[in-house]
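Below, subunit A partners subunit B and then partners subunit C, in two separate complexes.
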Partner chain A sequence: MRPNSVLISLMLVLLATWLGLDAVSVAANRIVPGEGVGVGGIAGWPGVLTSLMPMLAVLLLAWRPTGRHLRLALMLVILMLTALPLWLVVAAAATVDPSLPQARMAIGPAVWIAIFVLLLALIELRGRVPLPSWQNGLLYLLPLLSLALSLMLDLEPLALRQEYQVRKSAFLTAIGEHLLLVSAAVGISLSLGVGLAMAMRHWPRAQRFGFTLLNFLQTIPSLALFGLLLAPLAWLSDRYDWLAALGISGIGWAPALLALIAYSLLPMVRNTYVALEEVDPGVIDAARGMGMSRAQIFRQVRLPLGLPVILEGIRITTVQGIGLTAVAALIGAGGLGRFIFQGLGQAAMDLVLLGALPILIMALLADALLAALTEKIRPGGTH
Partner chain B sequence: MQTAIRRPVRPTISHWLAPLVWLLLLLGACWGMSWLEPLFRLAEPDSRDIIYDRADFIVLLGRHLQVVGVAALLAIGIGVAAAIAVTRPAGRDFLPMVSQLASMGQTFPPVAVLALAVPVLGFGNLPVIVALLLYGLLPIVRNTLAGLESIDGGVAEAARGMGMTGGQRLWRVELPLAAPIILAGIRTSVTINIATAAIGSTVGASNLGDPIISGIVNGNIAYVLQGALLIGLLALSVDSLFARLQPGSPD
Partner chain C sequence: MIELIQVSKRFGDALAVDDVSLSIERGELCVLIGTSGCGKSTTLRMINRLIEHSAGEIHLEGQPVREFREEVLRRRIGYAIQSTGLFPHWTVARNIGLVPGLLKWPRARIRERVEELMALLGLEVEEFADKYPSQLSGGQAQRVGVARALAADPDILLMDEPFGALDPITRESLQDELVRLQARLNKTIVFVTHDMDEALRLADRLVVMNHGRIIQQGHPLELLRRPADGFVESLLGGADRGLKEAALLPVSQRMTALDDAPLAEQRVSQQATLREALSIMLWRHADCLTVVDAADTPVGQLSLRQLVGAGDARAAAGRTDTDQAAG
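== the complex of A and B ==
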C-alpha cells in the first residue's frame, strides 16, 4: 500500500511551522507591539514533546494508510483541533503577567497555520473515511465546543476577546446591519431578477442588451461603484426633502444597497433565465401532452425543475454580498467592515480580525447552508 | 484542433476597437482630468480643490497596474503549474484536496483576505500583492483543473496512440484545448483583483483607490468621482481586452 503523500506533507509542514514560528505574541498593552513567544517558551520541553506526539502519530499512520489507520488519524486530527483552544488557555496563563490588567495575548502564525493545515488534513481524511452524517456533524462540534469552553473559562487576555468585550453591543449591531443589508439586497434583487428574466423570455431582443448591461455593471469595481453613487444620491436627497426624510443620502445605507443590488442582478438574472429556459423540451412536451395549460406548465414543471438553479443564483449573490457589504463600511453603511477599516486606521490588528473573522465565517456558513438546501430540493432527491 | 478553438481571422482594427476605445478614454481621462474641472465643480461647488493633485493620475494608474500585474503573473504561474501538477500521475493524490480548497476559497470575501494579510505582512504594497495573489490563484486553479479534466478521454487516448510523450500531450493537446477555460479563470481573477487593489489604498498601498479614499475622508465628492471614473475605465479596458482574447465569449 502506497503511503498517503498528502497527509505526510501536511504533517511535515505542521511540524516545521509549529517548531519554527511564534505561537503567540504578548504585549503589555494595546499600543506597544507584541513580543513573539515560541512553543518552547510556553510549556518547556515536556510540553513541546507532548504536542508533537499526535503529529508524529498521524505521520506514521499515513505511512500505511489502511482504513483503520486513516480512521485513527482522523480522530487524532480532531483531537488536535480540539486541543488547540485549551492550549491557548495554557499559553495565556504561562505568558501573560496577571498583575498587568492591560496585558494581552494575540494568536501567532504557528497557531493560525496549524489550524489551516489541520483543516486541510480534515478535508483530505473526510474524503477517504466514510462516516454517517451524524458522526460527521459531531466531528465539527467537538473543536467548537472546546473553543466555547475555553472562551468561557480563562481566555481573558486573548486580544481578540478584549476587543470584543470593549464593543460588545457595537459588534452585535454591526452583525445585524451586515445581515440586514445583505438580505435586503438579495431579496430585492431576487424579485427584480425574476421579473427581468421573465421579461427577457418574453422579448428576446431585450435579452442581449440586458445581459450586456448587467455584465458591464459587474465589471465596475465595488469601491468605484460606491463612489459613483455618492454624487447622484447626495444631489437627490438635497433636492427632495422626502428622500432625505427616509434617510437616503450620498453616504450611508442607500448607496450601499443600490450597489449591492446592481452587483447581485447579473448572477440572479442569469441563473433565473437559465433555470426557466433550459428545461428539457421533452418534459415540456410531455406536460403539454397531459393537457396542462401554459400557466400550469410554468408553475408545476418549469419552476420546480429550475428552482435549484435559481437557488444557486441566490447562493452566489449572498456570498458575494457578504463580502461587498464589508467594503460598504467605507461609505458609512455600517456592518462588520467598520471594524476592519477602524482597525486598519488604528493599526490595531485584533480589531481587524474582529471584523474579518465573522465575515469569513458568515460567508462560509451561507455557502454551506444554501448549497445543502439546493441539494435537498433537487428533483430526484440527493445525489 | 488548433483552428477549432481560434476565432476566424477578422479585420484587426474593428476586432480590437472596443478595448482600444476604453483604453484611449482611460489615458485621456488621466491626462486631461483638469479640463473636466467645470463638470466636477457641479458636484462640489463650494470646495477650493476640485482636481485631486496629491499625485499624477498616470502615476497612480501605473502603480495600480504594477500591483495587479505582479500579482496576476505570479497567480497565473503558480496556479496553472499547481493545477497541472495535481493532474499528472505523480501528483494525483493531491487533486481532491486542491480542488476542494479552490472551490471553498471562492467564498472568502477579497476584503477579508486583504484585511487578514495586513497583520502578517504589515502595511504597504506587499500585503496587497500577497492578498491579490492568494485570492487570484483560486479562479485560475479551479478553471485550469476544470479545463484539463473536461478533455475527452478519447482525445488523450489518440494522442497517446500517436506516440506523444507526456510533455508533448500536455503542451500540444491538453493545454490548447483547456486554454479558453483557463483564460476565463484569468479574466475573473484579474477583474476581481483590479477592484481589490483599489481597496488596498486603505492599507497604505498608493494607487487609483487613493482619490476615492481621500475624497470619502475629506468629504470631497469630486475626488471620489475622479478615482471611481478611472478605476471603472481601467476595469472596462482590461475586461474588454480579455473578451477579445477569449474565443466564443458573448461580447
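== the complex of A and C ==
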C-alpha cells in the first residue's frame, strides 16, 4: 500500500509552521503592536513535545494508510481541532498579564495555519473513511463544542473577542443587514432572472442582446457601479418624495441592492436559461409525442430536470452576493463590511477579522447547504 | 386505418416529403424504410402532427388529423423512439403511466394497467417499478418505452427506429417480442427503420422511400421478387436477396411427405425458415433433412433440391433483375 502523500505533506507543513512561526502575539493594549510568542514560549518543552505527539502519529499512520489507520488518523485530527481552542485558553493564561485590563492576545500565524491544514486533512480523510451521517455530524460538533466551552471559560484576553465585546449589538445588527441585503438581492434576481430567461426562450432575438447586456454589467467593477448609481438615485429621491420616504437615496441600501441584483442577474439568467433549454431533446420529443401540452412539459419535465442547474445559479449568486455586500459597506449600506473598513482605517487587524470571519463562514455555509440541496433533488437517483 | 393522400412537407426550400400516398389498414404492421434523410421519420411524425404537413391530407379512421386538437390526437396514438425519451426523474412505473395520467384515469386503474403492461413486456414489477431510467439497460429501457407507448391502449402505434441503438442480440429479442405482441394485440403499427433485416422480419407491408418519395410498397416477398428499380434491389441486399427471401419462408412450404426411404439423420423444425434449414445443411454437410413438429415427431422431409425450389421455372420467371444486382 502506498503512503498517503497528501496527509504526509500536510503534517510536515503543520510541524514546520507549528514549531517555526509565532503561535500568538501579545500586546499591552489595542494601540501598541503585538509581540510574537512561539509554541515553546507558552508551554515550555514538555508542552511542545505533547503537542507534537498527535502530528507525528498521523504522519506515521499515513505511511501505511489502511482503513484502520486512516480511521485512527481521522480521530487524531478531530482531537487536534478540538484541542486548539482549549490550548488558546492555556496560552492566554500563560502570556497575558492579568493585572493589565487592556492587555490582549491575538491569534498568530502558526495557529491560523494549523486550523487551515487540519481542515484540509479532515477533508482528505472524510473522502477516504466511510462514516454514517450521525457520526459525521458528531465529528464537526466536537471542535465546535470545544470552541464554545473555551469562549465561556477564559478567553477574555483574545483580541477578537474583545473587539466583539465592544460591538456586541452592532455585530448582530450587521449580520442581520448583511443577510437581509443578500437574501433580498437573491430573491429579486431569482424572480427577475427566471422571467428574463423565459422571455429569451420565447424571443430568441432578445437572447443575444440580453446576454451581451448582462455580461457588460458583470464587467463593471463594483465600486464603479456604486458610483454610477449614486447620481441617478440621488436625483430620483430628490424629485419624488415617496422614493425618499422609502429611504431610497444616492447612498445606503438602495444602490447596494441594485448593484447586487445587477451582478446576480447574469449567473441567474444564464443558469436558468441553460437549465430550461438543455433538456435532452429526446425527452421533449417523447413528451410532445405522448400528448403533453406546452405548459405540462414545462412544469413536469423542463422545470424539475433543470432545477439542479437553477439551484446552482442560486448558489453562485448567494456566495458572490455575500462577498460583494462587504464592499457595499463603503456606501453606507451597512453589513459586516463596516467592521472590515473600520478595522482597516484603525489598523486594527482583529476588527477586520471580526468582519471577515463571519463573511467567510456565511459563504462556506451557504455554499455547502445549497450544494447539498442540489445533490438531494438531483433527479433519477443515481446520476 | 391511416391514410396519407398526396402528402408533402417542405422545410424552407427543401422538399422533405414529396407527394406521398399511403394507406395502412387496421392491424397492419407497416415498415417505412430508406436511407437516412429519405423522409421516413418526417412521414411518421406527420401522422401525430409532431410535424405539420405542408400539402395533402392525412386521415385517421376517415377523419383529417388537423381536425383533432394536437394533444388529444397524440394521446390516442402510441409513440416510441430510438432514444426512448423516458423521463429521467420519473420511476419506470410513473413513466409507463404517463398517458393514462394525462387522460385522468383513476389512480388505481393506472397502477393496474402499468402492472399489466410490465408483465406483458417481461419486466418484473417488484424489481423494476421503482427504478429510474438511468438504472436500466438499453433493452430494458426500450421495453419501458414500448410499454409507455401502449399504456392507454391506443389503436395506432408509431415507432421511430425504436431498436436502432440496441446491440444485435437485444434487438432481435425485442423484434421477436414485437411480433408476439402484435399477434396478440393487433395494433396498427407504423415502424421506421433503416435496417432491412428488421424490416423484412416485422413488416406486413414494406414501404421503400428515397428522396422523400415512395419508390415501392407491398408485401416483403413481393418486393424481394420484383424490386421496382436498382435502388430497391440494392437496399434489399442485392446478391443476398435469395437468403433474405429464404428467411421469410417456412420449411413447411417446401417439404414433401415422408416416403419409404430411411429418415435423414439431421432434423429441422417445421416452423423454421428455409434459411435456417439451409444453414443446418451447410453446417452438417447434409443434403436432406427430416422435418419434425413441435413434439419432435417426423412429419416430412426436405431435400436441398426442394429447398432451393429447383425446377420451379414459373416462379423464377416472374422475378425482375436489374443489372446492378449482378455486380
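In this text, the second predicted complex is superposed on the first by the 381 of 383 C-alpha atoms of A that agree within 3 Å, B and C clash if a C-alpha of one lies under 4 Å from a C-alpha of the other, contacts with A are read in each partner's own complex, and residues count from 1 in each chain.
In this section, a residue touches a chain if its C-beta (ideal position, glycine included) is under 8 Å from a C-beta of that chain, and two chains touch if they have at least 3 such contacts.
Everything numeric in this text was worked out from a predicted model, so none of it was measured.
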Combined model on subunit A: subunit C and subunit B, fit or clash: fit
Touching partner for A:L265 - first (subunit B), second (subunit C), both, neither: neither
Vertex subunit A; arms to subunit B and subunit C (CA centroids, nearest 10 degrees): 80
Partner chain in contact with A:D285 - subunit B first, subunit C second, else both or neither: second
Subunit B versus subunit C as contact partner of A:V37, first or second or both or neither: neither
Which superposed partner A:S293 touches (first subunit B, second subunit C, both, neither): second
Partner chain in contact with A:I123 - subunit B first, subunit C second, else both or neither: first
If touched residues of subunit A are counted for subunit B and for subunit C, the larger one: B
Overlay on chain A, subunit C to subunit B nearest C-alpha distance, Å: 23
Subunit A positions touched by subunit B in one structure and by subunit C in the second: none
Residues of subunit A touching subunit C in the complex: 280, 282-293, 296, 300-301, 304-305, 379-383
Residues on subunit C engaged by subunit A in the complex (per definition of touch): 48, 50, 70-75, 79, 81-89, 98-99, 102, 132-135, 145, 148, 158
Sites on subunit B touched by subunit A in the complex: 43, 93-94, 96-97, 100-101, 104, 106-112, 115-116, 118-120, 123, 191, 194-195, 198-199, 202-203, 209, 212-213, 215-216, 221, 224-225, 227-229, 231-232, 235-236, 239, 250-251
Subunit B-facing residues of subunit A, complex: 4-6, 109, 120, 123-124, 127, 211-212, 215-216, 219-228, 230-231, 234-235, 250, 319, 322-324, 326-327, 330-331, 337, 340-341, 343-344, 347, 349, 352-353, 355-356, 359-360, 363-364, 366-367
